[in-house]
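The structures come next, written out as structure tokens.
Common to both upcoming complexes is subunit A, partnered first by subunit B, then by subunit C.
Coming up: the complex of A and B.
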């Protein structure tokens, strides 16, 4: 009974902030102490579709950075995690993977800043991707370290003795079994990269603007309508990922 | 007269300072089963993995039909290694699991279908053709695993305590079915177990692995009379229990 009553409350708690942001993104003017804006307009949303729109460019750049980081990390950590997991020094390597999280990403960025400036990648698109790899790559390794277990190794060996070479074993056995964890890693890393603030701000040195940085900037400027609009754009990809996650990973786990 | 199919010469393996196999030599006759008895850690699994090509030996030679396969990759040896766990491919159903090896060999679809259907019949699995591994019992999974190996007609089948995880009744059924099927398909087998009775039931020849050294017996008589096998103590134990009950 209590559970049934709590579900709508929970739904309201989740949907209310999103609905409010959406409402504010259409606002034109707002005067204290009103709860809602006095006037509404489609102009902010229309502006996104303009070719020179700053928010459009920032959104595309953010998508580019997050897709780049998540693709590289998923690929790189999938294969390197295999070697780490089957290494006799597994625990030593995994201990190293936790180090970026022992420091906070901002401290890590401050440490990296010197080297990035030295090799002249500070304030560049590539530099931000590279910096984000420093925190997301170990995360990917940690995700895959549970996948590369003795059972997967034994299944791959069995496929070998049945006549499958390394490529066939990978393509026909390991890949289908790893689909779920690959998607999980990709989605998780995308989200870390997407919402990354401190490290991106430091390494980007104001030249590389992401959507997360823009939200903070609009809030600091007290531009609540653009902050709301940027926030709406910021939550669209995670919501799509949440849907895909439910649709594919969950279904996949049910099948396997 | 049977032919000598597998000839193992002076195999040695050590992990760091620990000697797992020491100068192990034996041969295996075609279409026969050699049961290898041994305690955990005696080197049985390492021996099988080296023969399968999944582990590298430090020294020694492996001859299969007089060809040196010592350095040949596992996928080219046509020697299948089966674990205690059935390890069915979880994303494939029973038919696809059994057909796996045939498809790798690019055998045409109709032939695959015919051979898998026959194998399913031989292993009493016809009703389960479309089931996924999670829908099968332990014994059924082990039979599918067995069929998946047999269907490619391996030169040698290596069975590493294959019935160790099964209950007593299923184990008995599997021993019978396995023995019949191995005979029917004329498969040369190395059967590793720590169960004395199972070794006697399954093997045409028996060997005992102790501290990395394999001792093979000419026949079951020699095995039964050898004090190091511990079989006499076993017989005495059961006799005493019987006597005490009377």
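Coming up: the complex of A and C.
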């Protein structure tokens, strides 16, 4: 009984940050000691839909970077992980993958800044995507390392024994089995890229602006209303992805 | 070389180029800069920058402060997550309940958003201060205690706990299911154990032992936090990532070699911890979490 009664309290605690940020995103002024903003406006949200809106461009750019990074990482790490997982020295290869995964991306970016400037990709769209690959690719390899297990190997070998060539085995056997983990990797890497701040700030040198950088900029400008709006824009895609992730992928994985 | 060997080799080369090459290249550059071999104001080999960093109290304070934030926030998060899991275990095990959906919501918040939220709640002009003022407890804004940019890192701890607790709760509820803890508990109780004995001798040891590698990794992740302490921390003491980056971006060019020396020390420290976690006898499969990136972006 108490457990059920406490669920609304828990729900309130979890959703409170979203409610506060949403409230502030509609605010115009918030004079101390008023608990709620004194004036509300739809202007900030309406401004997003203007063609030349900076926030719209930043959102689209962030989506572009995250989609680019997650697509490349999912594709590359899927195949790399197979050879690493089936290697005799699997644990040593995985140890190497854990090193950039555990590292602080901002410190990694600080040590790599020189190379990016040297090859003239610092402050470019490509440079930011490349830098994000360094932190997300090992993550992708680690996700797929659980998929490439002896069972999948045995199924692929069975398909070969029964006459399937390597393309048919991959297309008709391995790929259908890996749909869930491919989507999982894509979503997770999208989130990592979407949440990225320090590495993007250092490698992008202020020229490549993403939503996380915009939140920070608005905070520095003491514009809490626009910072709250940019925060809401940052939260929405992960919420949709996590819903899809939980609703479909986890359910699918349980049935595999 | 046949096509299969070429395929394996090319994939391993891609792997090395995207994992070890950046880390190794970054370390080499940082190390050479820190010993004066390369860099704008450097005039040749010197160990003075390393000596300066290692004898400077701010580096050790920073390391200690990062460790304090990590240990306190992870410990409180473990306690909260265990409470949530044990309190709502039936709902969480079913995986489709409202509680299990709610736990995923905080995972959608990037660190910078959590830091902004914490600031709006706990700062002198934040929501709590306004509510307290309305209740008549607070006479003026300055009477509200410093809960952001404070010495004890209150709002940093609050933000970290807010982010880690849901992840640990999900992890623990999965372990509860995987390890069939209910079953183990029932056996213990049918053999005469009390509820308290079953909790402290079966449930908690099994969960915590299985999760110990992930917990250790989270201590490292929190120690490397960047955005949260950048917004909610103070100038002294600073967390290690903030200290390194601020030394790098200061106008004083003489600080840059020291920043790289700190970066090298950090890299060595992380490498040793990882080596110990990975190759120690008790190590099991390490887990991966996208939440990690929330901390040390």
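Throughout what follows, the second predicted complex is superposed on the first by the 251 of 256 C-alpha atoms of A that agree within 3 Å, B and C clash if a C-alpha of one lies under 4 Å from a C-alpha of the other, contacts with A are read in each partner's own complex, and residues count from 1 in each chain.
By our rule, a residue touches a chain if its C-beta (ideal position, glycine included) is under 8 Å from a C-beta of that chain, and two chains touch if they have at least 3 such contacts.
This is a predicted model, so every value here is computed, not measured.
Novice: Putting subunit B and subunit C onto subunit A via the overlay, clash or fit?
Specialist: They fit side by side.
Novice: Contacts for A:125 in the overlay, against subunit B (first) and subunit C (second): which applies, first, second, both or neither?
Specialist: Touch partners of A:125: none, neither subunit B nor subunit C.
Novice: Students often get this wrong, so check: with C-alpha centres, what angle lies at subunit A between subunit B and subunit C, to the nearest 10 degrees?
Specialist: Result: 100 degrees at the vertex subunit A.
Novice: Tell me which partner A:151 touches in the superposition: subunit B (first), subunit C (second), both or neither.
Specialist: Touch partner of A:151: subunit B, not subunit C.
Novice: Output check: A:170 vs subunit B and subunit C. Expected answer is one of first, second, both, neither. What do you get?
Specialist: Neither partner.
Novice: In the superposed arrangement, does A:107 touch subunit B (first), subunit C (second), both or neither?
Specialist: After superposing on A, A:107 lies in contact with subunit C but is clear of subunit B.
Novice: Please determine whether it is subunit B or subunit C that touches the greater number of subunit A residues.
Specialist: Of the two chains, more subunit A residues are contacted by C.
Novice: Is A:45 in contact with subunit B, with subunit C, with both, or with neither (first, second, both, neither)?
Specialist: neither
Novice: Name the contact category of A:161: first (subunit B only), second (subunit C only), both, or neither.
Specialist: Only subunit B is touched by A:161; subunit C is not.
Novice: For A:98, using the defined touch cut-off, is the partner it touches subunit B, subunit C, both, or neither? Pick first, second, both or neither.
Specialist: A:98: touches subunit C, not subunit B.
Novice: What does the superposition give for the shortest Cα distance from subunit B to subunit C, in Å?
Specialist: It is 12 Å, taken between the nearest C-alpha atoms.
Novice: Touching residues of subunit A toward subunit C in the complex: what are they?
Specialist: Against subunit C, subunit A makes touches at 3, 6-7, 10-11, 14-15, 17-18, 20-21, 24, 32-35, 76, 79-80, 82-84, 91, 93-108, 110-112, 114-115, 133-135, 137-139, 141-143, 188-189, 191-192, 194-199, 202, 212, 215-216, 219, 224, 227-228, 231, 234-235, 238-239, 242, 246, 250.
Novice: Enumerate the contact residues on subunit A facing subunit B in the complex.
Specialist: 151, 154-155, 157-165, 168-169, 172-173, 176-177, 255-256
Novice: Using the touch rule from the top, collect the residues of subunit C that touch subunit A in their complex.
Specialist: It comes out as residues 7-8, 11-12, 14-16, 18-20, 22-23, 25-27, 29-30, 84, 87-88, 91, 95, 98-99, 101-114, 116-117, 119-121, 125, 127, 129-131, 133-134, 138, 141, 162, 217, 220-221, 224, 226-227, 231, 241, 244-245, 248, 259-260, 263, 266-267, 270-271, 273-275, 278-279, 286, 288, 290, 292-294, 296-297.
Novice: Quick check: in the complex, which residue numbers of subunit B touch subunit A?
Specialist: Answer in residue numbers: 52-54, 73-75, 77-83, 85, 87, 89-91, 100-101, 104-105, 132, 148-149, 152.
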